[in-house]
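Sharing a structure here in structure tokens format.
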Amino acid sequence: MNFFEVIRVVAWKDLLCEVRSRETISSMFFFALIVILVFSFSFSMDQQAAHELIAGILWVAFAFTGIIGLGKSFSAELQNDCLEYLQICPAPKGAIYLGKVAANLLFIVTAEVILFPMFVIFFNLDVVEDLPLLLLIFFLATLGLSTVGTLFSAMTVHIRAREVMLPILLLPLAVPVMIAAVEATRGALNGNPLALYRHWIDLLVVFDVVFTVVSFWLVDLILDS
Amino acid sequence: MLNAIIRKLQLYKGWIGAAGGLCLGVGLYFGLVASPPDYYQGEVVRIMYVHVPLAHTSLLGYTVLFLGSCWYLWTRDPVVDNLCHAAAGLSTFFTAVALITGSIWAKPTWNTWWTWDARLVSFAVLFLILVGYLMLRTFIDDPEREARYAAVLAIVGFVDLPIVHFSVEWWRTLHQPLSISMRGVSISREILTPLVLMGIGFSLLFAYMLIVRTQLLYLSSLLRAKKGRLLSQVHLAKVQP
Amino acid sequence: MVAIRGLHISKSYGHYRILEDLSFEIAAGECYALFGPNGAGKTTLLRILATLHRPSAGQLEILGRDAIREREAVREGLLLLAHGSHLYDELNAVENLNFAMALRAAAPTSREVKVALDQVGIGAFAELKVRYFSAGMKKRLAMAKVLLARPKVLLMDEPYTSLDEAGMVIMNRYIQDVVKEGASVVMATHDRVKSAEVAHRAGILRQGALHPLTREDLKTHELF
């Protein structure tokens, strides 16, 4: 049993289950759509204001959408007590954690990539030049949310008021990710030179590294008795 | 060995509390009466003598929570867990009062109840993390799991808080220079003395309240265990028809 | 050789003390049937043996290792068949088995998986999503898991529920096979007749304590 094999197997299993049920991705997608619609009604009078705030609106939608996905990551393991098997199997819990982070990252970024064109349409954005850079920002920020989010998802799965506890715990801690994501996205959307907002991307990388390590190290305490 | 020190300390809790009260009393006298009013802010600056030490004490409390959580995970001693729970509750209270006094101070001096300054946002996030911690503890039934999960949350939060502060500071300074500073350019002895006294006073007060509250939590968990033993005897007796 | 050794194990869940000072030994190649009224703590004890819970007090040794301190090492030889089937509804039988085995050191070939499924009688349903399996079929899939994992300690929580007559026969046959290869089996059950066919020893968990039962007890007495 190889450590990386376990990561691959867990991520693949999550992917396969999701592709066949399409439960998580559809709830995420429609939720985000509703958020976009509500925001576009709120700002329909003032196009100028919308343009200023678009990066923020984008990340509010993405954050809450991501939380839905993160919550389902472990609540899906409650069916047939599958979580019990994950707890007592000999595979290292850190590997299981990383597999789930990888799967969550993939789902949420996919949702973001599908939703972004909707934003462009509803808010009349100009054609964005640097799409790969935008994608990188989406990826890094989502990774930041996923590292701590997957840990907290495991923590809150057994708790009463599970769906509300995950955002309550995650969002305050994710403030640096949100700030960095919004600032970097705004820079990229406005076509500013990279040097101006490069440091925000660096912050995202630092956050990702720090919290992947910290969460990986702590996950044994959550998944194990 | 650390356990022995803690248990020794609780014998002196009265003295600690009294010392704290004394420091606060003297500090308040110096702060509210004997020290000079600020050139720009006038009498309003006196709230600084309460707000600033409170803020430092709540950070101290959070550090105690972090260290206690690490200690709990090392020893799994339920008394240490009670200490963590107590520290969290007290820190939440101190943080809330710090935020409120800060807001009260801000209105006449900065003409706003709130601003997106790094320290303020960090404190608001700290408050939210602590409230989340207390909610987590409330919603988990199994005491062993509760202690473990809470400790993990405290550690993650502690690592995150400097990053929060840092990121907000970047955010504000790059948008808008930090035009306001909490204290004057140089700190004269007359201002420093009451500030330090209040700081020591609040810390001693925190220590006192922490010991008392830890004892309370420990006793209540003993009581629950006793009740549990009695109830489980009834329960086991009932199981046999 | 002793496979499982428990010394003065007790477990409290929150306020309630469920298990009180249990000491027991189970040898390799032995099948132990655990009886007890509902709520007596059979499932709790099994979960402690499965290293899912830590006992509140006491020592536990499984396959010669300290099951409390060296849990990862012990888990390789353990398999728990519990109430929940540990199956993912969206995956089919083969995929479920492959996933379960990938999390252990076992890496069965697809041929071995097919053979295992045939042996438990659900070979025809290999490609069917588990969502469409009946409870009995899920139990048989769990038996296929046992065949592939070859655990040294098999823990079963009420293995005979949801099984038809044929299924119960197969179940007992596999328990005997597993025991013959030197594994130990601990099963919590209510079924005296079926378990008597395979169990070497039995005991009843009552009021937090474990009392041994003889074959006579099993046949004649009320178990309460």
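The letters A, B and C name the chains in turn, as written, and every chain counts its residues from 1.
Here is the rule we go by: contacts are C-beta pairs under 8 Å (C-beta built on N, C-alpha and C of every residue); 3 or more make two chains touch, one makes a residue touch a chain.
Bear in mind the structure is a predicted one, so any value in this text is a computation, not a measurement.
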Pair exhibiting more inter-chain C-beta contacts, A-B or B-C: A-B
Chain located farthest away, centre of chain B as origin (C-alpha): C
Chain at the geometric heart of the assembly (C-alpha centres): A
Length of the line joining the C-alpha centres of chain A and chain C, rounded to whole Å: 38
Cα-centroid distance, chain A relative to chain B, in whole angstrom: 31
Inter-chain centre distance, chain B versus chain C - centres from mean C-alpha coordinates, in Å: 48
Overlap residues in chain B, where contacts from two or more other chains coincide: 144
Shared interface positions of chain A, touching two or more other chains: 225
Multi-partner residues of chain C (at least 2 other chains): 54
For the chain A and chain C complex, residues of the former touching the latter: 1, 5-6, 9, 13, 16-17, 20-21, 79-82, 84-92, 96, 224-225
Residue numbers on chain A that touch chain B, as the complex places them: 148, 151, 155-156, 158-161, 165, 168-169, 171-173, 175-176, 179-180, 183, 199-200, 203, 206-207, 210-211, 214-215, 218, 221-222, 225
In the complex, chain B residues that touch chain C: 141-144, 224-225, 227-229, 231-232, 235-237, 239-241
Chain C - residues contacting chain B, complex: 12-18, 37-40, 54, 206-208, 224
Complex contacts: residues of chain C adjacent to chain A: 50-54, 71-72, 75-76, 78, 80, 82-91, 95, 99-100, 102-105, 129
